[in-house]
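Below, chain A partners chain B and then partners chain C, in two separate complexes.
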Partner chain A sequence: MKYFQPQSVEEALELAYTSEATFLAGGTDLVLHMRTGKVQPLGLIDLGKISVLREIKEIEGSLEIGSMATFAELGKSELVFRKAHALWQACQTMGSPQIRNQATIGGNLGNCSPAADGLPALLALGAEVCLSTKAGNEILPLESLLSRTPLLEQGTLIRGFRIPINGQKSGFAKLGRRKALAIARLSVAVSVEMNGSRIDNVRVALGAVGRRAFLSEALGQELSGQELNNELLEKGVLEVQRIVREALGTRASAPYKRVAVAGVFREALATIIPEGGK
Partner chain B sequence: MKKRGIGLGCSWYGTGYGNGFPDVSSAFVEIHDDGSATVLTGAVDVGQGSNSIFAQIVAEELGLEAQDICVYSGDTDATPDSGTTAATRQTYNTGNAVLKAVRQAKSSLLVYAAREFSCPTSEGIELKEGYIGVKGDPSRRVPLADLVFQARLRGERFISAESSTARSTPVDPETGQGAPYWPYSFGCQSAEVEVDTETGVVQVLKVVAVHDVGKALNPTQVEGQIAGGVTQGIGYALLEELELNEGKIKNPAFSSYLIPTALDVPNIEAFFVEDAESTGPFGAKGLGEPAMLPTVAAIINAIDDAVGVRITSIPATPEKILKALAEKNGEVKKH
Partner chain C sequence: MIEIKLVVNEKPYNLNVEPSERLIDALRNRLGLLGTKEGCGEGECGACTIIMDGKTVNSCLVLAAQANGSVLTTIEGVGNRRSPHPVQKAFVEVGAVQCGFCTPGMVLSAKNLLDKNSHPSESEIGVAMSGNLCRCTGYDKILRAVKIAAEEGKQ
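So, the complex of A and B:
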């Protein structure tokens, strides 16, 4: 099998076009899938030497995150802590320190596991994805990309994410079987804009309750433009339970998850409104 | 809502193979002319520290330091069989074999030394701090290495082979009576947990563990074995579940068969009670398995104390707890 290590995005795109090889980010999923034979790439294009893909920076009212930024780097970033708190939280609990050192946010999207820890946070924060192919660039909302099948065409590189900075507050919580090295069984990310005691532009995203993480626009609208109080919180709890019930249908995990999501939803909100938690 | 509770678990446990099965350990010992000693035994140290224990036993008997003793273990080409590292038996069983072996080698050493020091009986000879000499007379002693070296030149060697068999009789198949195990180990643990009534997640906040070890030959190891046992007990109570599908294991990997990580393990306070076991080496008995036994009962009782539901199958998963809570609150009818 061929292995490439391009030094620039252009070189990587050219290689993907000519060789039909697969992009390799942190490899924490891809390498395991190769071992089990689940994927059999014709070649690998290691993105690890393209330093521009690792950048985390603030540009013109947006937080820009390169696809090769690792969970450890994001989890230690002051900028991410302040401007994209839900994502920062997701990066604290994903996998273990060793996995966080290796795994990247772009790889999290590329692999697109139902339980991917980074995706609900990015969805709630209103992230856009920047994609590149040899033919050109495309920028689109993450929720739009997640509705595509297949997720990415051959030769498409995830360059990074752009999160609008508009003073939103956000939180993330996940339920795993244990406290570390646990695949999310449920995850919830919430982002709100606070206007006095009113919350606007509420975005709620869920993970591990379907094929892919998703944004619940209905729930966001339901909660937006209202006074943030216990009544609203309880309304949100009932709604999120209903959404999970609908999303899971008759799956074996449904009876548990549709109840337990209440606790996860509250915990995600507790970051935003400490007194609104349990 | 998060609710806290405290639970207690107690255990007694027969150590060794039991029920009349021949439970034999053996050891070879040689005392060398450089003031060191070698132990050969088939007992396998799987990380629990039995090699250290055997070195300590020999050192104690010969008045040496543990680092003066070289333990060769678990080599079927060279070491005498000492059974499995199982049944909480190596410190007690193989410890006894090692102690018998070193005492046998030592007795010929003492007889030789008594002659050298013109002492009427070997009872008057002592081994202390690397020296051998006349009891109570510090002026009449020589380094152990010197004496063994001199003996060697005269064709005398201090080598022994011994074995030890644990006491055990089969139980009467009719009445179930008998004395299948010797000795028994006792322990008690209490656990404090926090149960999330919305998600069913149980977090163990603290475990206090007290175990009767006869005599703690190595207190640090005792503490380590208790911490390890409690950790395994937490996994047993809350996580570990072998899932089968038509006889095939569905979760044959540590990514799907979960055990606790460091973050899942709470503060563990370990205490031990020393009530010397008269048949054990220096009064010691085993602790391996007993350290994990009371943990499950303590955690299940603590869950009951916290939220008032009785979990009757392990692991006590969040699903089972939420289901039991719903049944208790009358939300779901029992089938």
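So, the complex of A and C:
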């Protein structure tokens, strides 16, 4: 197996094109998968020395996050705290301190486990993904990328994410530890625009309900343009339970998750409106 | 084989490693630093914790090649029998060590916390130690030892 440590994005893309090697970010998923034999890369392209991929910055009304930003870096960023609160919250509870120091947001998408904590938050925040290959760049909404199979073609680099900054408020909550009880994992991220007591542009995303994290456009529409009060909250709870029922069908975890999602949904909203989360 | 450069416990090394070789294996087998322990080998237990460029990582999940150019601290670089680190002293005084398998990782997580934050709150201590599991002590004494070491640092 070959091992490359490129110093620039261009060099990494060229290597991916010519060598068919696999991108390596933090390695918290990939190193384990190599050991169990789940993946057998022809080579590795270590992205760790490309410093532009780590940047977290505000540009022209957007928050730009490089794919190699770690959960620890995102979870300590003042900018992320203020402009992408749901993502900031997701970073506090992800893994352990050691995992957060190493695991990247790009790797979270690249591995795309059903329970990837970064993805519901990015979906709710309306993030776009920037992809690059040797042939060129592509920018698309994260929810569009998540409907592709395979997620990424060989040689496609996740460069980063772009989150619009428009005064939205957002929150994230999750249930369950990684291995303790796999069935107990579940996460919800919500983002809203507050106009007085009315909420607009509501986006609700769920994790660990089905194969990949997803955005529920129906639920977002249902809740948008309405007064935020207990009645709306309870309506949201019933809807989110219906979505979980539909997504999980007869799976063993379905009855448990249908009940649990109510609490997780309330908790995610509670960070947006502290008094609404009873 | 790939050639990498490391600084481990303030000593520079040039090593040839396999592309799939983990950092824990390079430290233990090539450098003979057996203080770093392998518990789960899956990132769950923190026994293999080391400090890499000022951050704690699980050396069972890092490839040696990824550490190229990095500055590392293992337990061998933190105090010794004659002059233990304040964290090590507190662990012994409080009785936070039973079988000792988790201790190197615990000490490194605690040391790194105190290097960054000499006045940690109880909850900051809890978070900093949350990636290290112990099968023996029930954590009480470990958390108490970290608190004592922090207080000692304040004086």
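General remarks:
Methods note: the second predicted complex is superposed on the first by the 270 of 278 C-alpha atoms of A that agree within 3 Å, B and C clash if a C-alpha of one lies under 4 Å from a C-alpha of the other, contacts with A are read in each partner's own complex, and residues count from 1 in each chain.
The rule we apply is simple: a residue touches a chain if its C-beta (ideal position, glycine included) is under 8 Å from a C-beta of that chain, and two chains touch if they have at least 3 such contacts.
Computed from a predicted structure; not experimentally measured.
Using the contact criterion defined above for the overlaid structures, shared-chain residue A:I59 touches neither chain B nor chain C, since it reaches no partner.
Put chain B and chain C next to each other and count what each touches on chain A; the higher total goes to C. When the two complexes are overlaid on their common chain A, residue A:L140 makes contact with neither chain B nor chain C. Of the two partner chains, chain C is the only one touched by A:P97; chain B is not.
When the shared chain is aligned, no partner comes close enough to touch A:L42: not chain B, not chain C. Judged by the touch definition given at the top, the superposed model places A:L24 against chain C, while chain B stays out of reach. The contact surfaces that chain B and chain C form on chain A in the two complexes overlap at residues 96, 178-179. Per the touch definition, chain C reaches chain A in the complex via residues 2, 19-20, 22, 41-44, 46, 49, 55-58, 61-63, 65-66, 68-69, 109, 127-128, 130-131. Interface of chain B with chain A (complex): residues 1-2, 196, 198-201, 239, 255, 258, 260-264, 318-319, 322-323, 326.
On the side of chain A, the complex with chain C involves touching residues 1-3, 5, 24, 26-28, 31-32, 34-35, 43-44, 46, 48-49, 72, 95-99, 101-102, 178-179. Interface of chain A with chain B (complex): residues 96, 175, 177-183, 255-256, 259-260, 262-264, 266, 278.
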